[in-house]
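Both complexes shown next keep subunit A, but they swap its partner, so subunit B is in the first and subunit C is in the second.
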Partner chain A sequence: MEKPSATGGNPSSAPKQELTEQQKPQHQLQIFQNSLPKVSQIVYMMLLNEVVPLSVAVEEKRDDFSSKLEEESDEVTQTEEQLQRLHINPPLDSPSHQLCRNLYEADEEKHNRVLDRLRSIGFQIGNKVTQLLVFSNNPNLQFKDMDLLSVMKFICRDVWKQMFNKQVDNLKTNHRGIFYLFDYEYPPIQSFGLDSESSEKELQMVKPFLEVAVGVIKGVLASLGYNSEDVICLASYVDRPEEKPKTSFGKGVSFHVQVTVQ
Partner chain B sequence: MFLLVNFASLENTKCTFDEISRTKISLLMAIYSFWIFDKHCNCIFDREWTLLSNSSSGTINSKQNEETAKLLYGMIYSLRSVTQKLSKEGTNNEVRSISIGKFRIHTYCTASGLWFVLLSDYKQASYSHVLQYIHSHIYVKYVTRNLLSPYDFAENKNETRGQGFRKINNRNFISTLESFLAPMILQ
Partner chain C sequence: MSMSTPSKSLKVIGDDTWKNKTEKVNAELFTLTYGAIVSQLCADYDRDFQKVNNQLYSMGYNIGVRLIEDFLARTALPRCENMVKTSEMISKCAFKIFLNMSPQVANWSPEKDTFSLILDENPLSDFVELPMDAMKQLWYSNVLSGVLKGSLEMVQLDCDVWFVSDVLKGDPQTELRIKLNKVLKDEIPIGED
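Up next is the complex of A and B:
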C-alpha cells in the first residue's frame, strides 16, 4: 500500500507489520471500496442520461393534466375522460429521442421548467454523494477546516471520480469565489451525435444533459454549508485544447461556479 | 491461425484500433458493400464502394440501392428459413456466409433482429469477427447509447414490414465505420 505523499512522518521509522496512522484510513478506504456493490458503468450512465427524457415526459404529463382540469365542464365529458384514462395497459411515453427533440422545440418557459427539474434531481444526487464520500473515510478528505478551494477540489477529484469515473481535467479560480471546472471529455455525452450537418442543433440538444452535473455541484456545495442561493452554477461548451486526443463529441464542457461568501 | 490470435485479443478490447487495421492491410482483402437490416425487414444502413482501393468512393444510404437491399434481404431470409428447417430440433443453424460465383456474402444476426451483412471477395472465409466488432463497438456505442438517435427505426406501424425508409445518418457512426472498414477496401 502506498503512503500519501503529503504525510510528514518518516515511513522507515514505523514498524513494518503495524499499520501507521496514515495507512489505517487508507486501508479502511480500500476495505470500504471493495465492499461497495459493483454495477455496470454503461447501465449507470444510461440511467443518468435517461433522467432528461424522464423530466420532459413528466412535464408533458403535467401539462396535459392541468389542461384537462381546466376543460372540465359538464358531467358527461368528465366521465368520458375518466373512461379514457382507464387503461389495462397504459400507453408508453414517446421514445427518448422524440422527447429530447420535444425539449429542443419546446418554448422557453417549458424548457426552463424541465431544466429546473433536472437541476433539482442533480441537487439531490449531489447532497447524497457527499454523505457517501464522507462516510467512506477517505484520508485525503479533511472536512473540519475546509475552505472553498478545497471544497471545489473535492468536487473535481472525489465527486467526479465517484460519479463519472474520472477527474475534472482543469480547475481555474480567481480566489474570490469564481471557479471554472473544465471537463474535456464529459463522459455521459460522449456517444451523442446527430447528422453531420446539424452541429449547432446537436450542441443545443445535448445541453440539457449537462444540467444534472450543475445540480450535483450545487448539491455538494449545499451539503457542505454553501446555500444554493449564494451559488451560481452554469454549464457551457468550450473548445478542447489541441493536445487532447480527438473524441467523438467535439466540445469540452466548462462549469462556471460563483459563490458569494458573506 | 494468425488471424485467430489477433482477433482473440480484439475481444478483450486491449487491441487498439490501429492494430486491427494493420492486420487487415496485411491480408489484402477486398470488400464491396455493407448493409444493416433491422427487425422490421427494413434496410437501415447501406454503404457501397464503387472504386476499389479508394475508401471514399461510392454511396451511403442511397435510394438507388433500395431494390438491391430488398433482393439481398430476400435471399438471406429464404436461406435462413431453409437452414432452420434443415437443422435438428433445438439447435440453431445460422447462415454465416453465402458464396456466389462472383462474391461472398457474410451475415451476422443478433438476437434483437439486426442483420449485419458484408459483401466481399473470396480472399477471406470468415468476417464474423469484423461484423461482431461493428455491432459491439460501433453500433452499440454510437446508435444504442446515443439518446438523440432512435433505437427503433420504424416509428409507426406503417413503417414496419419492409416499408420503412429511415436510415442511420449519425455522423459518429458513419465516420467510425468508414475508418474501421477503409483498410479492407484495398485491392
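Up next is the complex of A and C:
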C-alpha cells in the first residue's frame, strides 16, 4: 500500500505556535496515525453493515442444511462436484434488504441466533481492536492499573474514534458498574434515511445493526480482563437531545453496560 | 484539467478522488474486521470452505450492487465503451478510491473479453496466514469477486469473476480473473421507440 508521506494530511497550514508539552505527544500521534495505510470509510461501513444480512443468510442455509441432511446422499455426481470446484458462478442469496426483512419476520429463536452471531463477530473485532490500539503510540493510554471507568473511557474515546471516526457523545455511570454510552449519531445507521416520525417497525428493522457494536464493547472489555459472563451489554434507542442538529436518522443509540466485579 | 491521454486522466481522477474526496479509516481495522467475518463463517459452516467461498461471494455481490452507486456519484465517469477501458477504470479508479491500491491488468485473451487483475498488495489479507486445511480450498478474499460481479452487473456488464491464484495458498501472486459474458441491453420502456 502506498504510504502517504509522514506529514501528509496533517494540518501543516496550522499556525506555527509553540506546542505545549501536552500537545506535543498528541501531535505526534496524529502524524503517526495519518501515516498508516488507509482504506475508504464507505467500504468499511458497507462491510460492517453487510454483516447483518450475511448472518441471516448463514442462518437460513444452516436451517436448510440440517433438514436436508437425511435426504441427501451421494447423488452429487463426479462432474457436478468438479463444476462446483471450478467455482465460477456460486449461487447468490436474496438481496440484502430482503434478508433484513426476513430477520424482522423470523421467530424469536432464529432472531436470537442471528443476533448471537452478530455479537460474536463484534466480539472478535473488539478483541483485536484493543491489540491494534495498544500498539498505536497513544500517550493517553496506560493499560497498567486501568480501572473500569478508564476502560469505558477508552471505549468511548479511542475505540469509537478508530472504528467510526467519532467519539461517543456522552458517558454516564453510577460508579457501581453500570454505564450508559450515548451516541446520538451512531455512524453505521446514519445512512438509513428514516425521518423523525418513522414507525416502530422500521426502528425494529434497524435494531440488529446495533448488535455488532454490542459485541465490540464486550470484546474490548474481555481483552482487558473483564469476562464476558460478568458483562451485560444491551443497545436501545434514545431520543436525541433538542440542541443536536437534525440528521437523517432521528434516533440516538444508548448502550447499557453492566459489569459485575467480584 | 488537460486530457493528455485517457489512461493518464483516469489515474489522475482516481488519485485525486482518493486524496481529496474520500473519508478514510485505518486499513488494519478493515483487515481485522474482515478477518472476524471470515473466521465466524468458517465456524458456522464447520470448516466447509466451499460454502464459505460461496457465502463470501454472495456477500460481495450484495455490497457491489450498492457500492457502484457510490463510485459513480463520486467520480462522475461516463460509460466504458470496451473492456480495455473497463479494466483501467477498475484498476486505476475503483480499487484506488476504495482500497488505495492499483492492481495490474494482465493476461488479456485474444478477443479482449477476459483479463486478470494482479493484486500485489491486498488489504483484505494483510498479516493473514491460513491453517493447513483452509489453504487447499478457501479463497480468502472471495468477497472481491462478488463485489466486482455485482457492480459490473449494475453497469450492464454480465461477467464471471473468480480467483485463479492467491499468495495465501502459496501461489507466486494473487490473480483475479474477469470474463465478459455479454453486454446487457438497455431496457426501453414499452410504448417508446
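Just so we're on the same page, the second predicted complex is superposed on the first by the 205 of 262 C-alpha atoms of A that agree within 3 Å, B and C clash if a C-alpha of one lies under 4 Å from a C-alpha of the other, contacts with A are read in each partner's own complex, and residues count from 1 in each chain.
One rule holds in what follows: a contact is a pair of C-beta atoms (placed from the backbone, for glycine too) under 8 Å apart; a residue touches a chain by one contact, two chains touch by 3 or more.
What you are looking at is a predicted structure, and each value in this text was computed from that prediction instead of being measured.
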Contacts of A:Val259 with subunit B and subunit C, given as first, second, both or neither: neither
Touching partner for A:Met46 - first (subunit B), second (subunit C), both, neither: both
Partner with the higher number of touched subunit A residues, subunit C or subunit B: C
Which superposed partner A:Val129 touches (first subunit B, second subunit C, both, neither): second
Which superposed partner A:Leu54 touches (first subunit B, second subunit C, both, neither): second
First, second, both or neither for A:Arg62, with subunit B first and subunit C second: second
Which superposed partner A:Asp93 touches (first subunit B, second subunit C, both, neither): second
Touching partner for A:Met205 - first (subunit B), second (subunit C), both, neither: first
Those residues of subunit A which subunit B touches in one complex and subunit C touches in the other: 42, 46, 50, 53, 95-96
Interfacial residue positions of subunit B with respect to subunit A in the complex: 141-142, 145-152, 169-174, 176
Touching residues (chain side subunit A, partner subunit B) in the complex: 42, 45-46, 49-50, 52-53, 95-98, 100, 191-196, 202, 205-206, 209, 248
Contact footprint of subunit A on subunit C as seen in their complex: 18, 22-30, 32-37, 39-41, 44-45, 50-51, 53-55, 57-59, 61-63, 65-67, 70, 97-101, 121, 123, 139, 160, 162
Residue ranges of subunit A touching subunit C (in the complex, touch as defined): 1-2, 33, 36-44, 46-48, 50-51, 53-54, 57-58, 61-62, 84-93, 95-96, 117, 120-122, 124-125, 128-129, 132, 162-163, 165
